[in-house]
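Take a look at the structures listed below.
First chain A sits with chain B, and in the next complex the same chain sits with chain C.
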Partner chain A sequence: MYWLSKKRYKIGLLIPTLLVYCVFIILPIIIAVGYSFTKYSGIGKARFNGLDNYIRLFGDRFFWISLKNTMIIFVLAFTLLLVLSFLIALLLNNKLKGNDFSKALIFSPAIIAPIIVGIIWTYILDPSVGVINGFLDAIGASDLKQMWIGGDTLSPYSIAFIYFWQQLGYLVTIFIAGLKMIPEDVLEAAQIDGATGAQKVRYVIIPMMRTTISTVAVLIITGVFKIFEIVQQTTGGGPNHLSETLVTYSYSMTFTSGEYGYGMSLATVTFIISLIITGIYSFLTREKERGAK
Partner chain B sequence: MKNRNLKKWLSAALACTMAAGLLAGCGGGSDEATTNEDGEVVIEFGIHVANPQEQESVTYNIVQAFNEKYDGQYQVDFRAADTETHSKNMQLAAADGTLPEIFWIEASEAPEYSESGLLLDVSDFLSENPEIQEALGGMENAFTDDNGVYGLPYQSNVQGFFYNKAVFDEAGVAYPTADTTWDEFLEMVNSLKAAGVTPIAIGSKNSNYAMWEFNTFLERYGWTENIDSILDGSEKFNNEDLVKCYEKLKALADAGAFPENIATIEYFDAKQLFDSGEAAMFGSGQWDCAEFDENIGENIGFWWGPKFTDSEYNQDTGMRVPSAPLGVSAAVGEDDQVKEAVYAFLQFYYGEEAATMSYEGSIFPAANYDGLTASDTQYAMNAMLNEINLGYESPASAPDLTVSSAVQTALYDSMFGVMQGTYEPAAALDQIDAALANSN
Partner chain C sequence: MINKKKKTAMYIAMILITVLVMFPFLWMIILSFKTNAEIMSSPLSLPETLNFDNYKNAFATLDFLQLYANTFFVCIASLAFELVITFCSSFVLSRMVFKSARLKKMIYGFLIMGLSISPFILLFPVYKISVALGLHGKVALIFPYVATSISFNTLLLVGYLKALPSEIDEAAVIDGCTIWDLMVRVILPMAKPVIATVVIFNALYIWNEFPFASVMLRDVTDYTLSMGASFFKGNYTVDYGGIVASSIMIIIPELIFYGLFQKNIVEGMTAGAVKG
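Coming up: the complex of A and B.
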């Protein structure tokens, strides 16, 4: 392995990866940002129009609606996923009867393609032919029927729940892997010192799981800003863009309305917002980790 | 040491080979031969469906007949993708100069292709083939600008309300007629609703373009007369006529004319409601004729739509209009051999033989020849012919195809917004005005 440690070999090995990263990640971002300062229909030449797209964006009602929807989904999904996936992982980490079956059951939605998840939940939530409203009708509780999707209020909450359902198993698995990394003797020592279950979680498990928790949190944040298929399949962003998220609205403007420049300004703002939220979270957790040392 | 050097050289050689392979892969395509191994000139036909044989069987059969007729001389191959993907692919192909020789273009995008110099002016084709020009009956005018004739209609679109006579009979409601007024139509909707059927099947999820039946509404409120002055800024979409038109959509929504889950079903789901007899009417066009022949048979009826007594515009209008155009890539003009092949295909596609094949497949061809008619078992097409035989005027282009993509999307959004109760008529029309202002 000696020859690999030479500087020129390190550079040589890094270059292909860096090239791929630059060409497929950095360059498209730069191009997208460039287009966000233009008026471009996708045909012919793009025309520079300065900050017009960004000025339009701040006065666009549907941008604010899609931002609000994205934030509703983010807050709900972040809270539910982080807390419940951790608690379920704690439960499944014990030696219980039917443990393996439960793990498989919880993980199963994660292996279903998002577009199929959307179709499944459309059949459950559809206001006319959906299972939930059908059940409410069957038990004589028709007054409780709601426009779970397709109305002007509940769609983002429903989408957050669907995303939660889909991601739960995946995140539980990451937490279980993190829990397995905690040495048994540390937990035994806490037990001998008289720590209760809750105290073990609070003073031993959570501090030792900070890195895993941070990873899961970043996965949730970045995941929420990429939710696309679920929205497309359940509501298509409708009615009238009322259930759009930032990503679907950007897609709609770019490819349906043929406003590439404006669509790219929406994509750029989405990118910046997700960077800021991830950055804030990383900064806050890094401070805590330092404090914990 | 020697062994290690050998490994290094081997690795370097492999890397170079791979890189060269990648570069070769990227570089291919632009220099493709125009003839295949049989010496046939190959032209590509970019089509807006993923499976032409299944989804555009008439066009598929015409292409096969052409390939058979010109075996050894010309060959047409499809470049197929669903409509949205096709549109994106064509834009990308336009950017890197790999447009197919002939391709279907979204009507709202076609003028931009022309303005960008990407399309061939086919005026010379029409002047060389006067019988085809006559058979097109002026439909090519919808795709003419300062650069000439940049496209020819793919088909002739006939749009309006299909209705299921059996559902009407069961509900005890009389069928609509050419003289049915708006008030009578609203009464009809109320009666159908009271009988427990969905009066009009329609869905907006990922398909808010599916508003064809309402093009007649727009036309009967003066769309064609006013659109130029709206687009040049001297008038607004939010005007007295269109507000009245949108109020009719609102009245239909208030009467419960549409499915409760209009926002979560697509065009295909809505069609399924109609096919299965759960809905009485469905807005669509001739592309669905064959399906309705199979599912509804002799019970299918077709109607242009209601007449509005509060409109001063011509009410004797129908919607037999050119569909989206077929364009020819400007690059075709640079190669005589390819141009000859493309023109031979156009001559065949718009000729009488292809028109006959179209009728047999329940599709109205863009080129109309005397003596073509539907058979007795082509129920849906015959129902359409009954309406066409009323002799009503049709606009040069369907209203929704007279505006740019951004304005068109806003038009669709605004109509469905009113139908779904998220907009009041005037506010909905303001949205189109805003889209127009942004696109200028």
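Coming up: the complex of A and C.
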């Protein structure tokens, strides 16, 4: 609207947002990257030490462990979520009595605070008071008891599973929304041509859901890099940093060990990895737009 | 069309999946009635009697009224603040004419960029900035929550406002509207659906947020709900029953809220997914 597009209106209305955004998003990133080149214990002044933090990072066993854990969680959660949420969406998209109720219940973990999700699962996975080991004892299969959380190896797998539980209903809902967009007549045509259920899924539904599938994929990828509370609550990254993810390790170095400089270099590297993922994301959306034309 | 056997199998699968997903919640409710000794010695057993000691303990340890009041305060203040500023800026970016279209695009792109920024890199610097600005306690949470909502709100609001026909503005101006009339009395009512989405999405985020809260809040009287939930851990003895009971106290209002606004919440969250 030209008449009202006066310069002072534009500036006046844009300034508050730009100011908050610059002071609390852009400036912090600059500060974080700045600190990543220093040694800073929180007291006194930060001392510039060049690339020392980054050199230390590449030689840091725990950095590689947390990267490895993040990747385990990513691969496992990605596979489980993508496949199972799609299958459950196919199931619940049928005309079944009570499927709306079932959808609503399955969705509910997604609205609970992640910190509570961590607490809930502690009582299921905990080696001594958890349900799973208790159940194995009860059926006389005590040999199968594991350190599901807090042991040396299984924590990242358990965390991936918890994340799966939390996100399942949410992604099912997105898939169902995608399924609803497939025109009825296309499926009928396939039916008339004699396609079996599996063939319909393979040759009609999956190709027509490409956009939804890539949306869900990107959601899982970015979501995995934000898993924090679940780890914090179930294992706290322990024992001895063995179950840390990139995010929790940088948090623990910064706020628990008070190595602010090193913590910020970890945060920066994690940030760069997430930027690479954003690159993949924009690549996928570009593909999507081209497909739409 | 679908034969009966297949349909039965589908029902069984549906019920099985639902029960499995709901099991952790049900288990928490059962646990909340068990004593600490029962939880430790026989994890699998059902509570012998229906005792409410855990709830009493939770109430004695945590001031739930305060937790709710703090969370509510931060939530309302952040939402009000972010809605006012992002509605204004989105109005400019969607409905005003810029001499240079590139500048407009650049500002928009700059604001959207935040979607790819993980909050975890911001924690420590934002803490430092808040200290420098003299902000502390729960008030210090408002700015980070507002700031992290800007990109998402801009994306949704600009997208929605752009789609409203520009004839509306022209008609309003011919009828003698000032810019405030146009924004508040004409455009704002039309943007209700997208504002509802924005409110639900951000309210849930703020209600459940933990990382910023854990960095900013030192004083127990400032704690929000998610901080309250983590309160029991780190004491010398782990009060299992107390943690369970207080978690349930936090979950139940959330589930009631979800039950009431289920459709809007699901829509709000999936809109966020599809757009963001």
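Definition applied: the second predicted complex is superposed on the first by the 247 of 293 C-alpha atoms of A that agree within 3 Å, B and C clash if a C-alpha of one lies under 4 Å from a C-alpha of the other, contacts with A are read in each partner's own complex, and residues count from 1 in each chain.
As a working rule, a contact is a pair of C-beta atoms (placed from the backbone, for glycine too) under 8 Å apart; a residue touches a chain by one contact, two chains touch by 3 or more.
Model, not experiment: these values are computed from the prediction.
Participant: Between chain B (first) and chain C (second), which, if any, makes contact with A:H241: first, second, both or neither?
Facilitator: first
Participant: Once chain A of both complexes is superposed, is A:M264 in touch with chain B (first), chain C (second), both, or neither?
Facilitator: The second partner, chain C, only.
Participant: Touch test for A:K226: chain B only (first), chain C only (second), both, or neither?
Facilitator: So A:K226 only meets chain C here.
Participant: Among the partners chain B and chain C, which is in contact with a greater number of residues of chain A?
Facilitator: Of chain B and chain C, more residues of chain A lie in contact with C.
Participant: Just checking: does A:G150 make contact with chain B only, chain C only, both, or neither of them? Give me first, second, both or neither.
Facilitator: A:G150 sits against chain B, while chain C stays out of touch.
Participant: After lining up the shared chain so the two structures overlap, which partner does A:I119 touch, if you call chain B first and chain C second: first, second, both or neither?
Facilitator: second
Participant: Is A:I31 contacted by the first partner chain B, the second partner chain C, both or neither?
Facilitator: The answer is second: A:I31 touches chain C but not chain B.
Participant: Mind working out whether A:T256 is in touch with chain B, chain C, both or neither, as first, second, both or neither?
Facilitator: First partner only.
Participant: Which holds for A:R56: it touches chain B only (first), chain C only (second), both, or neither?
Facilitator: The answer is first: A:R56 touches chain B but not chain C.
Participant: Would you tell me the residues on chain A in contact with chain B in one complex that are also in contact with chain C in the other?
Facilitator: After superposing on chain A, chain A residues 3, 128-129, 232, 255 contact both chain B and chain C.
Participant: In the complex, go through chain B and note every residue touching chain A.
Facilitator: Those residues of chain B that touch chain A are 4, 84, 87-88, 91, 94, 108-109, 112-113, 115-116, 118, 204-208, 259-266, 404-406, 409-410, 413, 416-417, 420, 422-423, 435, 438-439.
Participant: Residues of chain C touching chain A in their complex?
Facilitator: On the chain C side, the touching residues are 2, 7, 10-11, 13-15, 17-18, 21-22, 24-25, 27-28, 31, 39-40, 42-44, 84-86, 88-89, 91-93, 95-98, 107, 110-111, 114-126, 128-129, 143-144, 146-148, 150, 154, 166, 169-170, 173, 179, 182, 204, 207-208, 210-211, 215, 225-226, 229-230, 233, 240, 243-244, 247, 250-251, 254-255, 258, 262, 265-266, 269-270, 273-274.
Participant: Could you please specify the touching residues of chain A with respect to chain C in the complex?
Facilitator: Listed in rising order, the residues are 1-5, 9-10, 13-14, 16-18, 20-21, 23-25, 27-29, 31-32, 35, 88, 91-92, 94, 96-99, 102, 104-116, 119-121, 123-124, 128-131, 133-135, 137-138, 165, 168-170, 173-174, 177, 215, 219, 225-226, 228-229, 232-233, 247, 250-251, 254-255, 260, 263-264, 267-268, 270-271, 274-275, 278, 281.
Participant: What part of chain A is in contact with chain B in the complex they form?
Facilitator: On the chain A side, the touching residues are 3, 41-45, 56, 122, 126-129, 149-152, 232, 234-236, 238-242, 252, 255-259, 262.
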